[in-house]
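Below you'll find the structures, each written out as structure tokens.
Each of the next two complexes has subunit A plus one other chain: subunit B in the first, subunit C in the second.
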Partner chain A sequence: MQSRSSSAVAATPDQLAAVDAAISRLATMRGACLPMMHAIQAELGFVPHEAVQRIADSLNLSRADVHGVLTYYHDFRSEAPGCHVLKVCRAESCQAMGSEKLEDHLCEKHGVAMGETCADGEVTVEPVYCLGNCALSPAVMLDGKVYGRVSAERLDALLQRAKKSTGGQS
Partner chain B sequence: MSVTIYVPCDSAALSLGANEVADAVVREAGSRNLEVQLVRNGSRGMLWLETMLEVATDAGRIAYGPVTEGDVASLFDADVMAGGEHALRLGKTDDLPWMQKQTRLTFARVGVTDPVSLDDYSEHGGLVGLKKALTMEPSAIVEAVVASGLRGRGGAGFPAGIKWRTVLGAAADQKYIACNADEGDSGTFSDRMIMEGDPYVLLEGMVIAGLAVDATEGYIYLRSEYPDAYVVLTSAIERARAAGWLGSDVLGSGKAFDVHVRLGAGSYVCGEETAMLESLEGKRGIVRAKPPLPALEGLWGKPTVVNNVMTLAAIPYILDQGGEAYAAYGTGRSLGTLPYQLAGNIKQGGLVEVPLGVTIRELLYDFGGGSATGRPIRAIQVGGPLGAYLPESKFDTPADYESLSAAGGLLGHGGIVAFDDTVDMSKMARYAMEFCAIESCGKCTPCRIGSTRGVEVVDRLVEGKNRKKDEALLRDLCDTLTSASLCAMGGLTPLPVLSALDHFPEDFAKSE
Partner chain C sequence: MTLQEGHPAMYSNKVVDFGTPVKRSDNTVTVHIDGKPVCVPEGTSVMRAAVEAGVQVPKLCATDSLESFGSCRLCLVEIDGRRGTPASCTTPCDDGMQVTTQSKKLAKLRRGVMELYISDHPLDCLTCPANGNCELQDMAGAVGLRDVRYGYEGENHLVQEKDESNPYFTFDPTKCIVCSRCVRACEETQGTFALTVEGRGFDSKIAAGPTNFFDSECVSCGACVQACPTSTLMEKSIVDEGQPDHAVTTTCAYCGVGCSFRAEMQGSEVVRMVPHKDGKANHGHSCVKGRFAWGYATHPDRVKQPMIRKKITDPWREVSWEEAFEYAASEIKRIQAKYGQASTGGITSSRCTNEETFLLQKLVRAGFGNNNVDTCARVCHSPTGYGLKTTLGESAGTQDFDSVDFTDCVIVLGANPTDGHPVFASRLKKRLREGATLIVIDPRQIDLVRTPHVEASFHLQLRPGSNVAVMNALAHVVVTEGLESKGYIAERCDMEDYGKWKAFISEERNSPEALEEHTGVPADQIRGAARLFAKAPNGALYYGLGVTEHSQGSTGVMTIANLAMLTGNIGRPGVGVNPLRGQNNVQGACDMGSFPHELPGYRHVSDPAVRELFGKEWGVDIQPEPGLRIPNMFDAAVDGSFKALYVQGEDIAQSDPDTQHVQKALESLECLIVQDIFMNETAKYAHVIFPGSSFLEKDGTFTNAERRISRVRKVMPPLPGLADWEVTVRFAEALGYRMNYSHPSEIMDEIARLTPTFTGVSYTKLDKLGSIQWPCNEAAPEGTPYMHENEFVRGKGKFVLTEFQATPERTTRKFPLILTTGRILSQYNVGAQTRRTQNQVWHDEDIIELHPHDAENRGIEHGDMVSMQSRKGDTTMRCIVTDRMQPGVVFTTFHHPESGANVVTTDNSDWATNCPEYKVTAVQIRKVASDKGEWQQRFDAFAQQQDLLARQGFAEDSEQGSK
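Now for the complex of A and B:
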């Protein structure tokens, strides 16, 4: 854990203030470890490594306990993602409707594989195992919104629109 | 005169542009000086027709679909407000064959009402079950649920009433109701649809469960992949508290019950009840050894009813109409109705609630209309990623607990994923092992290590250098997973793997 902390980018004072605000807001909640991480990630897009000690202190847990929670769950990121987060469903229903082709398309046309962020920092692609939109497979989630019956063309249009909103290149 | 137009806010409808349709309706009506009352309802479950717009007319609600943003102007040109003719006009919603063939007990209000409207809920039969329960002894509520024959809809199928009886009999200063809304199985979305489309039926079911076992607090463990459901649930809980349906004095009875929502964080195994309890407590979602049963030592060590969303949402009907009324539906020991979900490569995907015992073929063809691609359906997976792959020869199996089990499968949460004849079943078997490796909580060795070894053995088997030996090894490994895993994650992963191998051996022998 030592090496992880020392190699990671230090959080800015603003980020630390957001971490502290989330922790103090939820400090009296029972079993607040996950809710705190969700609150921090909702604010910052990730959970900075400095948050681990602070959550541990607040909840009277060991740093190892909190680190364990943070790294156990697929949702939580320890580093900032791209401007947009695209989750592509890899589960059976979407496979039955060709979700693998979407993964290939993202690699070939956008140069980004699952779990990676594209070179311009615009889009992070993450796998997800079911979005509950299985009657309209394949499904993706872009910045928290679900899209159904996603073809390669529709995906390009979604990404283009998202990138425009952040001033990125299409 | 104002006309009511319904545009669903279900996230499946949103995924095809329902919000844009709703905006266009308001815009068009405004530009034509027409008075429209827009209601965002749940979905009727005909998801292939989303966005399905409905108009309230004297003759009943008229449906149009699938409507896109660009169709809205032409709908108004065709006098949609009076139910006018249009290429997308489907007819009266209640008369559509998809609706006619269903028995909607749990989903009675979904798609009909505004999901968060308290008035809509009570005007459409809501709260009747709860009001009855408030006049009953806890044991009488439990016995009504026992009489209904309702079994756990999350997949395990354990009789709900028996579980409640155990919790009622446990002495403790605090008990809990924990609702499992971690609907992680691919091909399932009924929990999501009820939480987005009729959240109060779930809350009512939880309050009744609380009255039955003397619990005053409930938690809904909702998967983070359902952000829209989270918004609807939190809004519904706030409104229910303000109206006195939840809180320290439920409907003026002097009895207390409150509900909290907690979000998961993308872990499939947290749908296993003990891992879910760990996660609710703010820990890693690691499976607990049983015993002790959660009914005796559950959330924070207290007696806890852990039920799936569908189980709890079936409760208000049972208390309203009586356990026997519910048990009048279904077959054998699979009583009541089940909201089945049709997914994957299916032409008419969606949700149908019918009595247990309907055959897979009826679901796939009468409701589903065959594959989406128009090719033959070669395989289906019933019951999520831990369910068996079944070939066409098994399609006449009734989709109930016992029949599917006898056919080598499991009913699970009632989701059916269809695959056409382009599917490579060796890839699906490999994926089952891969998924187990990704999602294993890591507590027990067979699941944690066996899943990774499983991927490797499937790869070698398909490579075909020593087929006989590798097949024997794969079967041996599956036997270890089945027999020695701590929970269903490792214990049932062999089901999709071996069913694929048994029913579709040719897909594993392509290198020959």
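Now for the complex of A and C:
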């Protein structure tokens, strides 16, 4: 999460309510900083920048403390992802088996690079370093499900099916 | 007398860095560093032991103000019998250890590490602000780096924007080696936790949280800048001026912490102030004021030429010093001839040195021939003097600041250390993070109540004016629950007084339940707090003006002394009664005999032996009757019996309560002599201006809140040509009273001769020891860190009955809110200094804080202009709505003269010392359309008129000069 929150969009009242609910649910837990971030991301798909101050206030940490934790983990997003999250494995085995080609393909055909969301807001592409599926490289994970031996064609099909499920255009 | 090369106070700008902090241990171990044996306390790092043995191990991420971190891998060493190359900073010494700091293998490793650093570092050393004082550069030299095999073309961090948002320092991430020294300084030294490492791996970057530095939680203390080994965090003054060539040790002229500083100089110009590592009050830390806000000393507003005028409606005339002295002396003589000797007086300053204060009171007592001398301590800590003298026997705090390291439970009462005494607050927060508990007694939710990594166990959010009730209730719980230190009391205190007090405090009316209606604090909270404090092995009480500035101020101080004695908490480290003194030399000003009833060393003027001692030395008869206190001077001026006043370094027109009464008093004077570095508010009513000299322009001493006498050293010539002490000497001469001093050290010698607690103090000894805590005499030749060790100064500790009496200042339907005043971090007192620095960016106007309920009832929103009216007057300010306040209580500061905070405050005062009740004023607040109240409009008109008179005067002078 490298983007500075000052440029991020303001969270909606509903999103803020979800943030506050997650924080108050975990407020008495020891070492609740990470669990709070997980809970917020699980709820909203991202951790709004407003959550930083709220987590800090709840746990009596500084804003910088929370910012440091939040930015340390690549998994935490600062902005809402697309309807679907595609994680492309970049670890050694998948790279050797052509995962970079998949990245190129996503860029050329779908106009979306690593860490970005495509223009129609349907798919967010993120890098991941090993899905534990090396025997079936290259591997991707779409909406939490792992797929092995992924070719460009197979990737297109997976994306098309996913988009259909949310009513998006292919 | 200027400092000579080799003088202990004069340093090169490089200071030895031991790499890791000193360790306290009763056991020592001996290690051999490159064959040299060195004996160190157990727990000391190999790195520190090496430096003590005279061996510098290369290092980057280590510095002796911070715990070791072990990230840079440059300080690797070899240790006989151990595998690998451990980091010397994180390896503690073992007895008999044989350490090798230089070998081919180590050299290769270190060079490899440096190669990596330098492969991602801009090679612009010649134009870099740190050039000549850069640890990275030094280490590249030390490890013999000759080439970088990786080249410079790869991915790097060399294109990043500078963050220049802080007014005093820049953050240039391209120069950063991510050693985390800044992050750790912010955490360990300052305790604010405003910095972090953002991201991870190659993307790791130092960040002030999710914003730039200015918008972050940063309080601009500068600890990060000091810790930075490169030019990543750098003072803008160094960016502009370059590196210093020498440094002189001196003492900060802001608050009562009295931080020791190295004024880093180029010739006679200060380029940077760096807190002095060996300073015993601050141990190398400082706040935004001391480190950065010194630019006022050379501000164009400085008055450099003496001025006189007959009436305050006349234009000012710039004159020579001789003419100013002659005119002022002739006026004093004329007025004394016409209205009598007692019609004149003087006010000493807690901003000036001990020597200057001593001279001024001597001038009044010996030259004016009366005891009409008082000091601004009258309006801040006079109840401390009275209360502690009565109960313990000495008018001063009992501890040193280091004592806080040994405390287990702290009560902070009517003080806001993070704003008022920031360096002490950092040390307190450190101790709290280590596990000590905290009880805050304050009407507002001050930062200490809950701030990152620190939380008070109890916040007794009392109603303003009920300190005595809360303290009585705490003592009631301790006594009635049998938690008092019976043995301590029996051994150390007067049992007859204690018996009476015990009976009084045990009465049901002093129970937390009975007093709840006055205090507003739930009884169970008071009971909990009392148990926590009484059961702590070491309990310490810290208090400020929130205790003293009340109609029961002196009683409040005595409740503190009572509770400390009751719980056996005086006489050793970690405990004690600790007044947090407001100004740099308020303790000193009191010590130096500034009060109308006391000669130096708190000895009453009615004592013939004391009068004879001083009278003989000064060649005069000292009056046996105490003189006028400041409020009496004002009253007498309005009555027409007091006609001339010499005010040194204090702005009574802004700082004293009930401004309109003060103004009337000042207008009634026939001769007002103001000695100040600026044309302050009081100067607008003056007839004579003696331009003052800043703390950088004179020699002397300040005494801080822990009774620590520290040297102030002249680093540049006084802008007006004479230092303040010289002005008083020459003025006295013009009056016909000769004072013979060629240097302030001779004044200190006289003080030492006349004052038993100062017998052993001299400039030579101060140079040798760095600083001395009085009492310093035959019994304690090196001073006294904590007092009343085996017995109280007065013999037996005296419990005083402290009946709670509500202030006469009551809320009514017309004035339903209580105003309490205070200050904030970035501004200092009347703001004469800080308003002339970039600290203005944090606080450029005084603001009223009020609770959301009170705001809503009045239709007031955040940021509205509101009028605040009391029985005394009204003024208009902007307001903010905050739940830091309790309902019914509003708060403001008095840093800006045009705000007129003291137009509103009343003339109620402490029953014993007349310390004004700044902390309780009944007011009403309402939303207004205009920016200014009636008083403010008059203030503006008068300020414009006076400005015009000053300029007219200068114009006439220059015309005459050209003829």
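The definition used in the following text is that the second predicted complex is superposed on the first by the 163 of 170 C-alpha atoms of A that agree within 3 Å, B and C clash if a C-alpha of one lies under 4 Å from a C-alpha of the other, contacts with A are read in each partner's own complex, and residues count from 1 in each chain.
The working rule: contacts are C-beta pairs under 8 Å (C-beta built on N, C-alpha and C of every residue); 3 or more make two chains touch, one makes a residue touch a chain.
Fair warning: this is a prediction, and the values are worked out from it, not measured in the lab.
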Which partner does A:56 reach: the first (subunit B), the second (subunit C), both, or neither? second
Report for A:68: first if it touches subunit B alone, second if subunit C alone, otherwise both or neither. both
Subunit B versus subunit C as contact partner of A:33, first or second or both or neither: first
Using the superposition on chain A described above, determine whether A:131 touches subunit B (first), subunit C (second), both, or neither. first
Which holds for A:149: it touches subunit B only (first), subunit C only (second), both, or neither? first
Subunit B versus subunit C, judged by how many residues of subunit A each one touches: B
Pick out the shared contact residues on subunit A: the ones touching subunit B in one complex and subunit C in the other. 65, 68, 72-74
What residues on subunit A touch subunit C, complex-wise? 2, 4-6, 49, 52, 56, 60-65, 67-68, 71-74
Residues of subunit B defined as touching subunit A within the complex: 11-12, 14-16, 47-48, 50, 183-189, 191-192, 224-228, 262-268, 279-285, 300, 341-346, 349-351, 372, 381, 385, 415, 417-420, 423, 428, 431, 435, 438-439
Interface with subunit A, subunit C side, in the complex: residues 192-200, 203, 207-211, 216-217, 450-455
In their shared complex, subunit B is touched by residues of subunit A numbered 30-35, 37-38, 59, 65, 68-69, 72-76, 91-97, 128-137, 139, 141, 144-149
